[in-house]
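This is the structure, below, for whatever I ask next.
Chain nomenclature is as follows: A, B, C, D, E and F, assigned in order of appearance, with residue numbering initiated at 1 for each chain independently.
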Amino acid sequence: MNEKEPTERFKRGLAKLKEIDGEAGEKVIESLKDIAPDLGRYVIEYPFGDVYSREGLDLKSREIATVSALTAMGNATPQLKVHIHGALNVGCSREEIVEIMIQMSVYAGFPSALNGIFAAKEVFQERDEKGLSDS
Amino acid sequence: MNEKEPTERFKRGLAKLKEIDGEAGEKVIESLKDIAPDLGRYVIEYPFGDVYSREGLDLKSREIATVSALTAMGNATPQLKVHIHGALNVGCSREEIVEIMIQMSVYAGFPSALNGIFAAKEVFQERDEKGLSDS
Amino acid sequence: MNEKEPTERFKRGLAKLKEIDGEAGEKVIESLKDIAPDLGRYVIEYPFGDVYSREGLDLKSREIATVSALTAMGNATPQLKVHIHGALNVGCSREEIVEIMIQMSVYAGFPSALNGIFAAKEVFQERDEKGLSDS
Amino acid sequence: MNEKEPTERFKRGLAKLKEIDGEAGEKVIESLKDIAPDLGRYVIEYPFGDVYSREGLDLKSREIATVSALTAMGNATPQLKVHIHGALNVGCSREEIVEIMIQMSVYAGFPSALNGIFAAKEVFQERDEKGLSDS
Amino acid sequence: MNEKEPTERFKRGLAKLKEIDGEAGEKVIESLKDIAPDLGRYVIEYPFGDVYSREGLDLKSREIATVSALTAMGNATPQLKVHIHGALNVGCSREEIVEIMIQMSVYAGFPSALNGIFAAKEVFQERDEKGLSDS
Amino acid sequence: MNEKEPTERFKRGLAKLKEIDGEAGEKVIESLKDIAPDLGRYVIEYPFGDVYSREGLDLKSREIATVSALTAMGNATPQLKVHIHGALNVGCSREEIVEIMIQMSVYAGFPSALNGIFAAKEVFQERDEKGLSDS
């Protein structure tokens, strides 16, 4: 599968990744370069180039969906933190992030909600320290 | 724990349950009456009386969060279908439901997304047959 | 691995399986005979011959643990129903089964609790129809 | 939802939280104060004020259920450790905790059982260092 | 995202889907046509056009990986059955499928293994009835 | 259950454990000695003495199954790392490990795949530092 991939999806995906996840997203791709560069390319192409670039559901709602799912599954804390950043970057307020976690206490149990809150707390502190403004 | 519960949470919750889940929600409570009536009361009080009644995140976003989480976990199809109805009742379009499922293919895998779509298909057909209008 | 297995674990396990799960347990083993008889043997030897035969935690508590775990995971309804029978066979009351499900609403969310209750409802009805007495 | 909540559930829940989880439980509530105080309040009210305060299943059995579920799900180690403490506080022996983990090897696989044991090991060491006596 | 997608990935994916999943795979795509045709296209493009078309791991090993994962997760029975067919189509024997399920008893617990076996049993019967030969 | 266990299964299992997991496997058993020695014995007897010792599926395929399942479940990182070592010890190449993770992006979502890759990266580095050759 070494043919040059169509650069359209990749370019669109890379722009979308930067828009949503900013520096955190690029670090993930960077960390894949020496071990699984094709997975890095796929992350850009399919989730960002295809899915996040779709119409039909606004970016803020897509991040609400993602933060909810990752909080409920409770087995992917690094990605949850990247997407709490992402949600704040595309229009969620900190209050809305907290409300998503409270909502998850109903559907995935209180431990998932608590661990979601603790992830959010770390993200909020990191943004304060770096002077990142929420959208 | 037989003291009369404060009726405020219960009343608020029952109204919220009807607003969101309509007939499907009331059927769930009804089905608990002979085996676990207190669980039925808790469903009304905590998820609906407390959580869905909160400010800080609009009802449509709460249902996007719920549908996403249940699709990602993939182990609660009856509740997923109730909340696809719920999402359509409080402002989601069918297109938005489909987009949530596509979004989940990224975070919980394609099988979860496919099973989410098949649940949505059943809900859409049921609404068509009953002449239920989406919001 | 065709050497004759030590019959001690197998015999002890089969007796334990009958004590706990009764007819339902034997049906599971029966259903494996034509496709995976060794898995049937392992089910008897390891879970029942080794684990359930241990001292240090009484049988009723072991079934509380099992029913809780299967309700929380929410992806093994047939086994959950076998073990609701099992719990009732070794000393749990129907009320205690219901309380376990309510307890799970806290740790695995309300959908898991509801689906646990619906499984219990089917088991209770089956026992009533068959005239099975709880322990 | 700013009306003053009925203090009955909250008071009962706080007493129950202290009885079961002791210091560890209070720390969790404390850690929520600056980010999600309402979630802290809900933790006290629903799980402890409503559920753990119910009759029909003794506290020790409730903690067996909780430790089993959290071990099986395997995605909430901090809460698992709090509830291993809780189980020991309300009447479980260390031997019973170990047996619960062995029981989970059957229903959730050996990795869940092993990670449960490693969590228990840390809790036992912490209790030894602090001179906490088991119940 | 209505630009014409590069047909290379799609064509390659469709051929791969037919090679692996045969009729069952095409039925899945067909069932998406009226509700989520783009998800059908993505299924062909990303899993089959990109991933299954990669070198570095043979098709039989890819299906062993897939059947194992779906058995362990235990929340996607229809897809598990499609991929048991797939595994048999690309070189797995029925005995190997059974061994995968036994292997899963160790890592995901006996209920997941049992439900995997029951899914395999249905697939084997369906193949016998249709006169499908295993590879 | 203090009768002397048949040493056949134990001996066979210990040899298999050393063959597959090497030093990492023995460390796990060692770490159980003071808290749950019987669980250590069971790990040797059932997974290794019974399951891995079976014919019908070669060791390399068994490790592909295990690494896939643990990556998909995403809640047992220490065991995933032990089995990435195991897979490399019994015939998988590093490239094949990476391909398994890419395969999992389809069935368990991109976060599971990414966390699988990061676990693999740590294992590969550890092997380089220790001068461990892959098989």
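What we mean here is this: a residue touches a chain if its C-beta (ideal position, glycine included) is under 8 Å from a C-beta of that chain, and two chains touch if they have at least 3 such contacts.
Here the structure is a predicted model, which means the values were calculated and not measured.
*Asks:* For the pairs C-D and A-D, output the one whose chains share more C-beta pairs in contact.
*Replies:* Between the chain pairs C-D and A-D, C-D carries more contacts.
*Asks:* Chain C and chain F are the same sequence; what rotation (0 to 180°, nearest 5) superposes their CA atoms?
*Replies:* Between chain C and chain F the superposing rotation measures out at 180 degrees.
*Asks:* What whole-number Å value describes the gap between the mean CA coordinates of chain A and chain F?
*Replies:* Inter-chain centre distance comes to 31 Å.
*Asks:* CA centre of chain B versus CA centre of chain F: separation in Å?
*Replies:* 40
*Asks:* When you check chain D against every other chain, which residues touch at least two of them?
*Replies:* 38, 42, 46-47, 54, 70, 72-75, 79, 98, 102, 105-108, 110-112
*Asks:* Once you've mapped the touching chain pairs, tell me: line, ring, star, complete or other?
*Replies:* Basically all the chains touch each other, so complete.
*Asks:* Show which residues of chain A lie in contact with chain F when the two form their complex.
*Replies:* 28, 31-32, 35-36, 38-39, 42-43, 47, 70, 73-76, 78-79
*Asks:* Quick one: which bits of chain B touch chain E in the complex? Just the residue numbers, please.
*Replies:* 73-75, 98, 101-102, 105, 110-115, 117-118, 120-121, 124
*Asks:* In their complex, what parts of chain B are in touch with chain F?
*Replies:* 72, 105-112
*Asks:* Contact residues on chain E for chain F in the complex?
*Replies:* So the residues of chain E touching chain F come out as 46-47, 51, 54, 56-57, 61-62, 64-73, 79, 95-96, 98-100, 102-108.
*Asks:* In their shared complex, at which residues does chain D touch chain B?
*Replies:* Within the complex, chain D contacts chain B at residues 1, 3, 6, 8, 38, 42, 46, 50, 53-55.
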